[in-house]
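Okay, so subunit A shows up in both of these, paired with subunit B first and subunit C after.
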Partner chain A sequence: MRDTLSTRFLGRTVLLAILALYTCYSAGPFLWIASMSLRTTSEISANAYALPETLHWEKYIEAWTGSNYGTYFWNSTIVVVSAVLALTIIGAMAAHCLARYRFPGNRVVLFVIFSTLIFPPQITIISLFQSLVEYRLYDTLLGLTLVYIAIQLPLTVYILEGFFARIPQDLYDAAKVDGYSHWEIFWKITMPVGMPAIATTVILNFINLWNEFLYAVVLITDESNRTLPLGVQKFMGDQLEDIGMISTGLMIAIVPVIVVYAFFSEKLIQGMTAGAVK
Partner chain B sequence: MAVVTLERISKRYPGGDELAVDDVTFTVDDGEFMVLLGPSGCGKSTTLRMVAGLEAVSSGTLAIDGVVMNSVPARDRDIAMVFQSYALYPHMTARDNMAFGLKRRRMPAAERERRVAEVAEMLDLTPYLGRKPHALSGGQRQRVALGRAIVRDPKVFLFDEPLSNLDAALRVSTRNELIKLHQRLGATMIYVTHDQVEAMTMGTRICIMNRGRLVQVGPPLGVYRDPADTFVARFLGNPPMNLMEAAMLDGPTVRVGEATMPLPSRVDPSRLPRTGGRVTFGIRPEDLYEQPPADIAERTAPLPVRVTGIEPLGAETLLLVVPDNTEQEIIARVDRNSTARPGDRVVLGLDTASAHLFDADSGVTLDRH
Partner chain C sequence: MIVFVTPALLMYAAFTAYPVIRTFWNSVHIIRPGGRTEFVGLDHYVELFANDDIFFRAVTNTLTWAGVAPLIDVGVGLLLALCLYARVPFARIFRVAWFTPVLISYVVVAILWMWIYNYDWGVANMLLRSVGLEDWQQTWIGHPDTALWSLIFAHAWKWAGFNMVVCLAAIHALPREVLEAAELDNCGWFHKLVFIIVPMIRPTLVNLLILAFIGKMRVFDLVWIMTGGGPMWSTETVSTYVYKRAFEWNTFDLGYPSTVAAIWFIVVLCCVLGLTWLFRQRDRLEY
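Coming up: the complex of A and B.
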């Protein structure tokens, strides 16, 4: 009895230590940038790791107004929010059909969708560029949104299909008997019951797309169409050696990700542990 | 008013090589409580799901009140179903679970509230209406599932083993509540179970299935007394009917082990095999007596046996016995004060009026109907 208790205690301690180390490892750089974002470059070069003495919040205003941050931010928001919205609805519908309906070739379709995940993005980017130019979507936010939907859809469908397939069939049968159509059942059963998985894909897609650089840099040229990652790059170029200002610019770009994560993370954790609990 | 008619219904699942339901025909009359009974995998759920419209009918005609339902989707059939898993919507409160079907039917909110409250009251669910399913006990979940069906006031209620997840005591009380509910609502109900006690106590009629086929339909005691074949004979009754090999002799009489006895009175002589032919002889444990009561003494035949085991159950005692000149152990249900000991040789009295004969090969009854 005492033996098992002390082994459990030891196990917990080791686990905690590992988690603490990992937290430092992943949160450290972020906190460092966060502290630098409130310090001036001369303060930073005096001591790179010190905590801010006076909080220079005005740097945020300076970073925002000193460049085109407003435009970048707005562009990113439009592109990412509409892409995530479309991904969630289209992805959930596709996953619902693949998980709930028996039709010939069901598994083949899923396999083809899944297999596109293994190709590196560089393979498709030239042909995507060509297609967008042809459809006059090159260097437009709409074009970038469509591309974003396309690249994130396979993973979205894959995650959601796995979760939806585990929702008990009886729920669907009960809803049918209660008088609901396929369309209504999707909205009233699959979406709410699948919420943990949907939150997972929303966070994943939002973070991936908010930080997306490769497609944006190839498919967007005009200053007025730049998204945040492109803006941050330009900002860093403009600010040259001004580490303090660059940190401030980076923080502005990161904040929405943190907000979205905080908002959906409870659902996300439910989603990740759903298999274990059931 | 609802009469459910199944006519030559068959079901083959895609990719399945055997028929899950094979040429089943029966009618459930208005207000009847029909129990579908059979061993696991015999096609009970499949039959019920076809009535519900959750599985397509492969061939045959399914009608409710004379209207063919084969291609009517589940949502337009006006049936309600209680599932073994209860299938409560996990994201909705008990109240919303019960109101879900009413919402779809565009019932005014006030009327809906009233119905839900009324049914909740009837099922003692009022204190739990605001809770979600995960915060309810198994029995409460079961009642919410039941309530969800009742508020709908459907033409037909379908139940697929709704009690099998409850513990023994709760199962008995819920069983009785369901019986009362049926009497009160007077609705047509089809109830699937593999529990013969449920079937015997709840059904106005029971419909016994085996390997996708319908074996026998009838009132519980009728089926118990006159089983259509050896499958039904052994499936209904606990302990099951004793079945022994027997031979036809002149007279005509039947020979079971050492004992020669007159033909069971219910047997149809025209269906018997010739003298010397084999038959299966069936006798229920309660129709074997250590001391036959006076009123049936003159129709009992002696069966000499060796006692191999005793199971005193309190209210009664089961004797495991081997009739002389056979290898087969059979069971006799005798008085609780029996003094028999293993190894004893006794002569049991066999009530020939309650004995059955079955065809030795097909197992089909040779009794008169």
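Coming up: the complex of A and C.
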């Protein structure tokens, strides 16, 4: 008995050690940039791995004022918030329709939307570029927003349809007896009851679009229209070898996501994993 | 009531269906700036298959990535999930620490890993020096032999946490009784893993593998910022190649990159159909 107990204990210790190592690997890089973001480049060149001796918080102000971070943040916010709002409404309406009304081609529409999830972005990106140029939407935030709505729409509809289809039919029957219109049924039943799934897609879309790079790099060129990922890339190019300043810039870009994570971690994990669990 | 689905269908038609069709139309034309087009039939396709070495290099790299990385991602994710399921202490902290990389944008991940791979002061070489393996030091992303694998490693760093969380959710959704019955039968943890947990969460694992596969077939951001496809095309992926041909090189033709995109679209579609068929559930487990 004692033998098995001690082997168990040994096993646990080994396991914990492996997990601690993995955690260093997974979280270490963050702590590294976090510490570098508070140190000057000359301190970093002396020793890249020391902890900050004096906390140079002024570097954050310098990074923010010495670049266009304000513009990048504002652009990202406008594009992402409007795209997520539109996605939520358009996506929920479509999902409601597909989950609740029977019409010929219902399943076909769902299948087509679902299969879009596997499309590589290249298949649309060149022609989107052409079309946006033709309609004078190239290099505008409106154009980027429209594209963002389109790229996240399939996943949004797919997740919401799955959830809406499981809402009990009784609720809808009762609403019909009470004389609700189709529109009222959508706003007063599907939307409130489906709120957990809607929150999930909102967070998922927010993170995906906040970090989106490929479409932005193709469709935006002007400095004043850059979103945050483009801005960070530009900032890195501008600062050249100024590692300390770049780390500060990176931290500024990471912080909003970490804040969202801190407040909504459960919802966020659900959102990121929705669709993959069966 | 069909009105409800109309906005979504309009968006889909304008920003997904039409561009796909237009890309195929592009692929049989030369498209010069200013919209001057010229029909060339299948010339681009012939050129691509006959003479385009860089394209085949990009395909090899991308397929290597898409073949190896899903196994790493899902394997590591599953192991981590099992560790958390075994109720180790600090599980909450572990989960947060492992999941965070998923949320970070590729731009940040790329810059971070460029530093980790830095020859003089990067973590990778520093660790090698500290254990006395100076000879193994590399210019990790600067050498054609190591660049692709370094990128695959950095990419796996970002995605393992995602797979962990999904696997954990799937394991927690399993019926208690089955696992308890296994414990009563004195089933060791390895057998429990191989004969009970993996078969039961198989649909989730298959989804994750296919999801990871699709993600790797389109990989762009990380490569673009870290190496730009270099050195010597050793990290060129199909995505970066299309981007270069369309927007970087002064070839003044959007037709040829559209051909590459069209072919790649068909390849991805066939691969996903093939994988789905390969992993189809022959006998559904009921529980």
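Everything below uses one rule, namely that the second predicted complex is superposed on the first by the 220 of 278 C-alpha atoms of A that agree within 3 Å, B and C clash if a C-alpha of one lies under 4 Å from a C-alpha of the other, contacts with A are read in each partner's own complex, and residues count from 1 in each chain.
Rule of thumb we're sticking to: a residue touches a chain if its C-beta (ideal position, glycine included) is under 8 Å from a C-beta of that chain, and two chains touch if they have at least 3 such contacts.
Just so you know, these numbers come straight off a predicted model, no measurement behind them.
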Key: Partner chain in contact with A:A27 - subunit B first, subunit C second, else both or neither   = second
Inquiry  = With both complexes overlaid on chain A, does A:I61 touch subunit B (first), subunit C (second), both or neither?
reply    = neither
Request  = Go through the superposed model and pick first if A:A46 touches only subunit B, second if only subunit C, both, or neither.
outcome  = neither
Message = By the touch definition at the top of the document, which applies to A:V255: first (subunit B), second (subunit C), both, or neither?
response = neither
Task = May I ask you to decide whether A:I90 touches subunit B, subunit C, both, or neither, giving the answer as first, second, both or neither?
result = second
Ask   = Of subunit B and subunit C, which one touches more residues of subunit A?
value = C
Message = I'd like to know which partner A:L10 touches here: subunit B for first, subunit C for second, both or neither.
response = neither
Request  = With the two complexes superposed on chain A, say which partner A:P168 touches: subunit B (first), subunit C (second), both, or neither.
outcome  = first
Key: Intersection of the subunit A residues that touch subunit B with those that touch subunit C   = none
Note = Note: in the complex, subunit A contacts subunit C through residues 12, 15-16, 18-19, 22-23, 25-30, 32-33, 45, 48-49, 90-91, 93-94, 96-98, 101, 103, 109, 112-113, 116-131, 134, 146-147, 149-151, 153-154, 157, 182, 186, 207, 210-211, 213-214, 217-218, 228-229, 232-233, 236, 243, 246, 250, 253-254, 257-258, 261, 265, 268-269, 272-273, 276-278
Subunit C - residues contacting subunit A, complex = 1-2, 4-5, 7-9, 11-12, 14-16, 18-20, 22-23, 26, 31, 35, 80, 83, 86, 88-89, 93-94, 96-108, 111-113, 115-116, 121, 123, 126, 157, 160-162, 165-166, 169-170, 173, 203-204, 207-208, 211, 214, 217-218, 220-221, 224-225, 238-239, 242-243, 246-247, 254, 257-258, 260-262, 264-265, 268-269, 272
Parts of subunit A lying in touch with subunit B, wherever the complex brings them together = 102, 168, 170-171, 173-181, 184, 189, 192-193, 195
Ask   = In the complex of these two chains, what residues of subunit B are touching subunit A?
value = 14, 49, 52-54, 73-76, 79-81, 83-91, 100-101, 104-105, 148, 152
